[in-house]
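I've put the structures underneath this note.
Both complexes below contain subunit A, partnered by subunit B and then by subunit C.
Right, the complex of A and B next:
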């Protein structure tokens, strides 16, 4: 029996080796070379020795944190409400629907909405606030990033809440717990795995957002993703780009451990 | 399961049908692999009508593949596995490709019509004697402004951009060499300086511009300016021409104190195979009537003197896109500064973008 099991895992192991392990090793390997192709640690020195990169790291983590927080605050109540509604599948479909649309298209749509003559400003003028500068602000960047990430937060939380046995809630009520107590002592702890999965699914990609920083943030928000893009495409300093990549990978591993869960469930990204 | 299989079969059948259809279409257009010329070009950078005309005249089919940055093109040609017959890199990239031994010298015995090229645009520092490249289009870096938001007299020079009146009203193109170059010119330095102290000065100068900078963006700048999102932008002449076509309040200025002069030239990369087709195409594109038609379609300035004479008067005498010789003489072409220096330019530019007011 065991022999067969090993045989079935061959495609996956091959895939893992070729497209996960090998690229990771290549990135780590590249990060030890400077722009002239010499073996060196100078990339790491530059990274940890320059205020620019440290500030960029801080920016990335800070924005990723805010984006995650915003999506969580919106997603949890939404997921909770979703699990109570009658047409769950329909609502869920509507929430997932935007993820079928290309990210770039969504970003361009927001450019139209937030521009000087866009719908958002028309509305502000209509309610008497006058037109505002919406594009190229940190707020609009966080808004759009949160909009894009929300489905990835809602899905795992919804799954966790949906799996929750309603008799547990009934029991809690029968035993005299208030609504708040039921939520904080029963519902939330039991759905924590969903929240963790959602935080992972949102925080990690948010760390390296780069297209939105330019399209919506007008490069006024600079994250590590921006720097990687620049090093690979413009400067062609692959070593430095890889170094930033390694730092990001380490950060992701740390987050995976911090929000680690014993049982894997919840939504996954395409 | 049965439904799944029939669904999969339907997709396979549909794809096969499409494949047969497209190969039939290609055949009916007279294409065979030996008679196909692969042109590696920037997006929307040649009049498609000319490609049809070329095929009718010579029988060679042109297959256009596009890139969106010089660096991306360089990487693709260097890595090999491609079969590009012609490419259209910009000035400094030609120098870099030459250094990397990626270019094939031109055979002037087979090239006809090079004498149409304006002497101003021949024999540039990036390719002395035009050993490798035929000028395709040229242009400048300049200021585009909206006459509803700012007076023409207020934005004639680079230093005007630092005026407090333009607070939060300028868009910059996201390109290290160009924006650093703008600051260097403002301080009277060369755009090709390798003096790190001058670059540091330029960065500090740019940080002073930050309160006026609304955004640092790429291609989207065209859309933003056409939609009156900002009063002023720093961008390339070709982009400016496109914006002006969409918004009649926009105007373009090349500051008289100097700016960047850029070229996109046709070169033969190492990957080329179909030399007959290549020279037929180069000669075809050098013909004044074809170059003029292409210039009218693309909207950039043509280096072909005879073609310029064929353009409508309003276009050929437009000082915005064909500046006077005295301005042209002040323009500077980017040189390839090597990876290390380009890295420093980019790091300084990144520091500028990180700067907060």
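Right, the complex of A and C next:
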């Protein structure tokens, strides 16, 4: 098979060079050019010098953190109790099913639900809180982002819990641990890898959800992704956009090292 | 562990399911609205479906989207499968690992980064933005998932199968087509399927590289959603929901078929061993 190896690696290697390595190098290269096409460091100076960009980056990371936290708090119990049900594979399939619906359609649904006369406001009136401005607020952005990410958090955690050896739990109970001790000392530490994979799968996309900031956040929230989209497609300042892109890549690498495992979409829909 | 349905843990699960599905059904429910808003249901009607089917521009976009998805997943499957074979053939561990890391870059990168860097790349090459740039991008971001689906199948394969075939005088091509491909077909099919759904789902990358003349469904929905509510989009989403159900059905059918085939083969082998 040796002889053929060189032959069938050609298209793949070409892909690696042209679509993985070249674009990454180009985005770094582009970040050193200003809007007039001159080679400078001014983009980085602007980025680190003016408070606006740093504040935007901090805000974006903060929002991603809140979204990840909300998603984790909802997903962990779901995954845990899901793994105890009888038809767990079927239930899991039902959890994954919404991820097959186009993200934009889900965002669009919330434009209707959160609108002035929408279902969410009807509910608020019903419980006596009265109608509120829901759409185009930061809270609605966090809510919709968490809604979209929940299945991607449940799946890795579910897999980790499912792989857990039940005799460890029995052993812990036999040795006199309370339910809470069993959970905090045995179950949670042993499923931490699933949590890490889930955090990775949620945090990185949350930094770049520009369509949600536009459709749901009403430009009140600006994430790194929104800023990149704005610079590339609206103001046409590719250099600055690339600089923010480089920052996003660095953030991504940091998160990947912090959470250890290198898997995202692959674990998404199994 | 048997629980009553009203056990609070089950109630929690039901609430999560309700949360996950309510928006989708809300969307579909209003597609049958005789009125034009997503807030007041005034009566049942098919009128938005009629509008959708009369909208030739929309139908054209749907067909373009399907064409892109089909072509890109097909090409990505071919390149990805060849890539998996190439990676499988690498003996040096460090080289294999670094190629795998490179392979996964597009899997973990945020969509905006992929979109922006591809936009720079295509402009750098002087390629006109449109059908071809969208197709190339979709092929590019679907290749890694195919590799990841095929590679485990190759590792599962017993190497003595290849040795036996070679010993019995099979040429390299025969080994590949008669031994290797039949074994890894389930992985290839899953990879194709994932690539297809990635392409259908993608918005951000397409949005960056699509230019002015060409649109896919996601880009069109985004444009319409920015203008506000149009129940034609609801009708479309109901149809897309049905389509996803069909796709999932197809996918599980393939999986089921593969596993039952494997099962049968195993049973047959065991039966032979007992004899």
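The rule is simple: the second predicted complex is superposed on the first by the 245 of 270 C-alpha atoms of A that agree within 3 Å, B and C clash if a C-alpha of one lies under 4 Å from a C-alpha of the other, contacts with A are read in each partner's own complex, and residues count from 1 in each chain.
Note that contacts are C-beta pairs under 8 Å (C-beta built on N, C-alpha and C of every residue); 3 or more make two chains touch, one makes a residue touch a chain.
Since the structure is predicted, the reported quantities are computational estimates derived from the model, not experimental observations.
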item	value
Touched partner set for A:36, first subunit B, second subunit C, both or neither	first
First (subunit B), second (subunit C), both or neither touched by A:245	second
First, second, both or neither for A:135, with subunit B first and subunit C second	first
First (subunit B), second (subunit C), both or neither touched by A:89	neither
Contacts of A:215 with subunit B and subunit C, given as first, second, both or neither	both
Contacts of A:16 with subunit B and subunit C, given as first, second, both or neither	second
Which of subunit B and subunit C A:167 touches, first, second, both or neither	neither
Partner chain in contact with A:117 - subunit B first, subunit C second, else both or neither	both
Per-residue touch tally on subunit A - higher for subunit B or for subunit C	C
Partner chain in contact with A:233 - subunit B first, subunit C second, else both or neither	both
Those residues of subunit A which subunit B touches in one complex and subunit C touches in the other	111, 115, 117, 214-215, 233
Contact set on subunit C toward subunit A in their complex	1-3, 9-10, 12-13, 16-17, 19-21, 23-24, 26-27, 30, 37-40, 78-80, 82-83, 85-86, 89, 99, 101-121, 124, 136, 140, 143, 145, 147-148, 162, 172-173, 175-176, 194, 197-198, 200-201, 203-204, 207-208, 217-218, 221-222, 225-226, 228-229, 233, 237, 240-241, 244, 247-248
Complex contacts: residues of subunit A adjacent to subunit C	1-5, 8-9, 11-13, 15-16, 18-24, 26-27, 30, 74, 77-78, 81-82, 84-86, 91, 93-95, 97-98, 100-113, 115, 117-119, 147, 150-151, 200, 204-205, 207-208, 210-211, 214-215, 224-225, 228-229, 232-233, 238, 241-242, 245, 248-249, 252, 256, 262-266, 269
Subunit A-facing residues of subunit B, complex	69, 71-72, 75, 168, 171, 174, 176, 214-218, 220, 223-224, 227-229, 339-340, 342-343, 346-347, 350-351, 353-354
Subunit A - residues contacting subunit B, complex	35-36, 52, 55-56, 111, 115-117, 133, 135-136, 214-215, 218-220, 222, 226-227, 230-231, 233-237, 240
